[in-house]
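What follows is a set of structures for review.
Heads up, the next two complexes both have subunit A, just with different partners, subunit B and then subunit C.
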Partner chain A sequence: MSLLEVSDLTVSFGRRRVEAVRGVSFRLEAGQRLGVIGESGSGKTVTALAVMGLLPENAHVSGSVRLAGTEIVGRSESALAGLRGDVMSMVFQEPMTALDPTMRVGRQVAEVLRLHQGAESGRARDRVVAMLGEVGLADPERVADAFPHQLSGGQRQRVILAMALINSPDLVICDEPTTALDVTVQALVLEKLDEVLTAAGAACLFISHDLAVVSQVCDQVMVMLDGEVVEAGTVKELFTAATHPYTRGLVATSRLDLAEPGERLPTVEDYYAGEQR
Partner chain B sequence: MKRAQLVIGLVLVGLVVVTAVVSIFWTPFDPVRVVPGQRLLGPGWPHLLGTDGFGIDIVSRLMVGARTVLFVGIISVGLAAVVGVPLGMLAGQAGGWVDEVVMRVADIVYAFPALLLAILLAAVFGGSTLTAMAAIGIASIPAFARVARAGSLQVIASDFVLAARASGTSRWAIAGRHVLPNLAPLVGVQASVGFALAILAEAALSYLGLATPRPNPTWGNMLRDAQELMWVAPLQALWPGLAIALAVLGFNLLGDGLRDYLDPRLREVS
Partner chain C sequence: MTEPLYRAEALTRRYRNGRTEVLALDAVDLSLDAGQRLGIVGESGSGKSTLVRLLAGLDRPTSGRVWFEGTEITGLPERRLGFLRAAVQMVFQDPRSSLNPRMNVGDIITEPLRSRLVRRQLPGGIDHARRLAEVLEAVDLPADSGTRYPHEFSGGQRQRIAIARALAPKPEVLIADEPVSALDVSVRAQVLNLLTDLVAAQGLTLIVVSHDLMVVRHLCDRLAVMRQGRIVEQGDTASVYGDPQTDYTKALLAAVPKIRIEG
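After this line comes the complex of A and B, so read on.
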């Protein structure tokens, strides 16, 4: 039994049932990392939210999402709340808005711990500070007492990472965790993410539009386009033997080292014009 | 400029508060005892603003009036906030028919004239400070409910609430831990503006004799007494009128200043 089995997942929204995700199937073994890549609106985030059971109320979900054998689709909110943050957790894209501005960050991390472990406040504090240190924050004591606006984007994203990892979940979903960060900070955060995921032995569903980032963290990749999975395989297979023209475009644009000086840089459109474009 | 608004508001409000507190322990003269020999003295010494038609020191009466106004404001705005904010949060959080019912009832209360409510309460219980507070408080509930509902909707749609849900926080825990603290600035601004309205309403009600009865001084019933002496001593109406105007201005400026100060978008622009 795989840790996460998604089969024939279809999500549509509203009365007109606009389909955001169509018949997506994949599986993820314990400790494995799967990159999900695709452009904006390709259904990456909707897939992630469906796995977490966090889709808005106007979403219609069909198909099946099984986490360690337990069906997620159609489960009650309270049953899901018990799993979220404990067995599975999520790292969000925007470090600027994913932390409550009115709460000290240490308390926000402690809250996750308290919700699932019922830890007493004194001991929770030690765990929180230790976790903040583990994700690479230089002065965890001070950071724990800070409000979000007193921290930089990179620091906040690491706090969010700490929130997601403090209960040692089996599955961590990262939704473009480094998109909002500048390149140097991005490299640092990715490195830490890699480290803590390995240390915790957690599986990861890593969403990104950046093939270079995905190849740095993941061994398996799945390419999404207009709500469907168009290609899946190992990172190596994708780079060497992509079959779908869209994937070939992605690979070409990520290999800037192959571009000749003075030549025009490749774009995805050179390979794949799209159906509606 | 924005800062000046807040500072002037704070100074005026501070003045009212200090005056009210001092009046509990000390006033220059007895604010209710009639002194027949000293009727309608002009401004001077020792009666800085003169005396009224009963020979009572006007400064003393204004000071006690500030106390009444603050008391009525605090209780009525407090009542409105304590009832209105949870109702608004409930409407925003639950949505659907709960939202509809709560907000339509709020609309009905909002449409019902506050003055009529005050007359009703005064007719049943007799006009007193208490009925005035109740009437003003009930009439202010819808404003707080609306602010809280709009704010809740905004907070619930934010990333950090989604993040809290992704960590397993239940909806009700989110309401207490994330929504309420983020509503605090909005509610604070509304309270300040509501306070200004409460002062005006209290003045109007006691002017009409529907609130604090004489001989206890309020700015409203001082105005009423002054009206009868309009042709003899026109200055009599100026003092309570000025007090009302400055207090209302103070709370309005404080409310606007707070809004600008707390709104990060406006802060960046200025």
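After this line comes the complex of A and C, so read on.
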């Protein structure tokens, strides 16, 4: 049995039933990391939300999402709440909106622990401070007592990482976790993510539009376009032998470091003439 | 010696935040010739956006002076900055927030031409409709885009609208503050190609602010690396990339994500 098994997932919205995701199937084994790559509107975030059971009420879902043998689609909110933060957890793009601005971050991390493990507040603090240290925050005691606005973007994102990992979940879903960060901070956060995932042996579904970023964390990649999976394989396979023209275009555009300054950069349209973007 | 296009001397900007004072820009000197393409890189808070805001006359320095084409702009009142407003245009990071959602694209793009300050600087009788058609073509947007609204366009197209608006008054200098960092990688190449072509075709002086060194390397022939309000390294792009002198520049270069292939 795979840790996560998505089969024929289709998600549509509203009365006109606009399909955001069409017939997506993939599986993820324990400890495996899968990158989901695609541009805005390709359905990658909707896929992740479906896995977490976080789709809005106007979404129509068909197909199946099984997490550790349990069906997610059609499950009640209360049943899902027990899974979230415990069996699976998530890291979102914008750490400022994911944290409560009025609460010290130590308490916010401890809350996750208390909700799922019923730990007492005094004992929880030690675990929280240890976890904040594990994600590479210098002076974790001070960070635990700080409010979100007193931390930098990179520090906040690592607090979110600590929150997502403190219950040792089997699956961590990261939706563009470093897109809002500077390159130097991004490099640091990715390195820590890699470390803590390895230490916890957790599986990861990593969503990004940037192939280079995905390749820092994942070996397996799935390419989404207009709600469908067009190609999947290892990073190496996609780079050396992509079959879909869209994937070849993505690979070409991600190599900004190879281009001669000032010369024309390859675009996705050179390879794949889809809709006008 | 001819006067450089831009000259800045000991530019300093402090921001007051309650009782604490932040030194955003610390005695920066800068000189830029017409036709040069300058990239300014650094992390958040390094002062790079503050610097270009001062150059564009959108903010005033706490101390220090800026000259544009030999005229000091630091002490000038807004009503006398028309020449600067016409000659220097900016493109911002996020086209979702920099374009007014309630104006149609044609009005957005021609708005700089209607500005009272800018209008006086332009040769009389600019035909707005014609200029709109020209800049839409320059940024490769459909000719009928003018009657549509920003929300009808994708992120990459919206950034083209922002660029078209900046081009409308035929500026000499284009300042782009993180022009592609809010865009998908797949759209980034298109916008970079567009900027490269426009700068070459219209002989623009370009100033690009970015935390992404690869973007700056691609667009610019000169590079300034900023940290904590100071320029810590500058020179022509190839030599700074090939042989970085400070540890900070080396760290910035090392942080650029590269494709990692295992197995």
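Here is the rule we go by: the second predicted complex is superposed on the first by the 269 of 277 C-alpha atoms of A that agree within 3 Å, B and C clash if a C-alpha of one lies under 4 Å from a C-alpha of the other, contacts with A are read in each partner's own complex, and residues count from 1 in each chain.
What we mean here is this: contacts are C-beta pairs under 8 Å (C-beta built on N, C-alpha and C of every residue); 3 or more make two chains touch, one makes a residue touch a chain.
What you are looking at is a predicted structure, and each value in this text was computed from that prediction instead of being measured.
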Subunit B and subunit C placed together on subunit A: clash or fit? fit
(request) Could you look at A:D86 and tell me whether it touches subunit B, subunit C, both or neither (first, second, both, neither)? (result) first
Does subunit B (first) or subunit C (second) touch A:S78, or do both, or does neither? first
### Message
Contacts for A:E94 in the overlay, against subunit B (first) and subunit C (second): which applies, first, second, both or neither?
### Response
first
Given the touch rule stated above, what does A:T102 touch, subunit B (first), subunit C (second), both, or neither? first
Between subunit B and subunit C, more residues of subunit A are touched by C
One more residue to check, A:I160. First (subunit B), second (subunit C), both or neither?
first
Regarding the shared-chain residue A:D210, is it in contact with subunit B (first), subunit C (second), both, or neither?
second
Note to self: Looking at A:G118, would you say it contacts subunit B, subunit C, both, or neither? Reply first, second, both or neither.
What the structure shows: neither
Smallest Cα to Cα distance in angstrom from subunit B to subunit C after superposition equals 10
Counting only contacts in the complex, subunit C reaches subunit A at residues 43-44, 154-157, 184-190, 192-193, 196, 211-215, 217-221, 237-238, 251-252, 254-263
In the complex, subunit A touches subunit C at residues 39-41, 152-153, 182-188, 190, 209-213, 215-216, 219, 234-236, 239, 249-250, 253-257, 259, 261-262, 264-269, 277
As the complex stands, subunit B meets subunit A at residues 158-160, 162-171, 177-178, 181-182, 184
So, in the complex, the side of subunit A touching subunit B is made of residues 52, 54, 77-78, 81-86, 89-90, 92, 94, 97-103, 111-112, 115-116, 160, 163-164
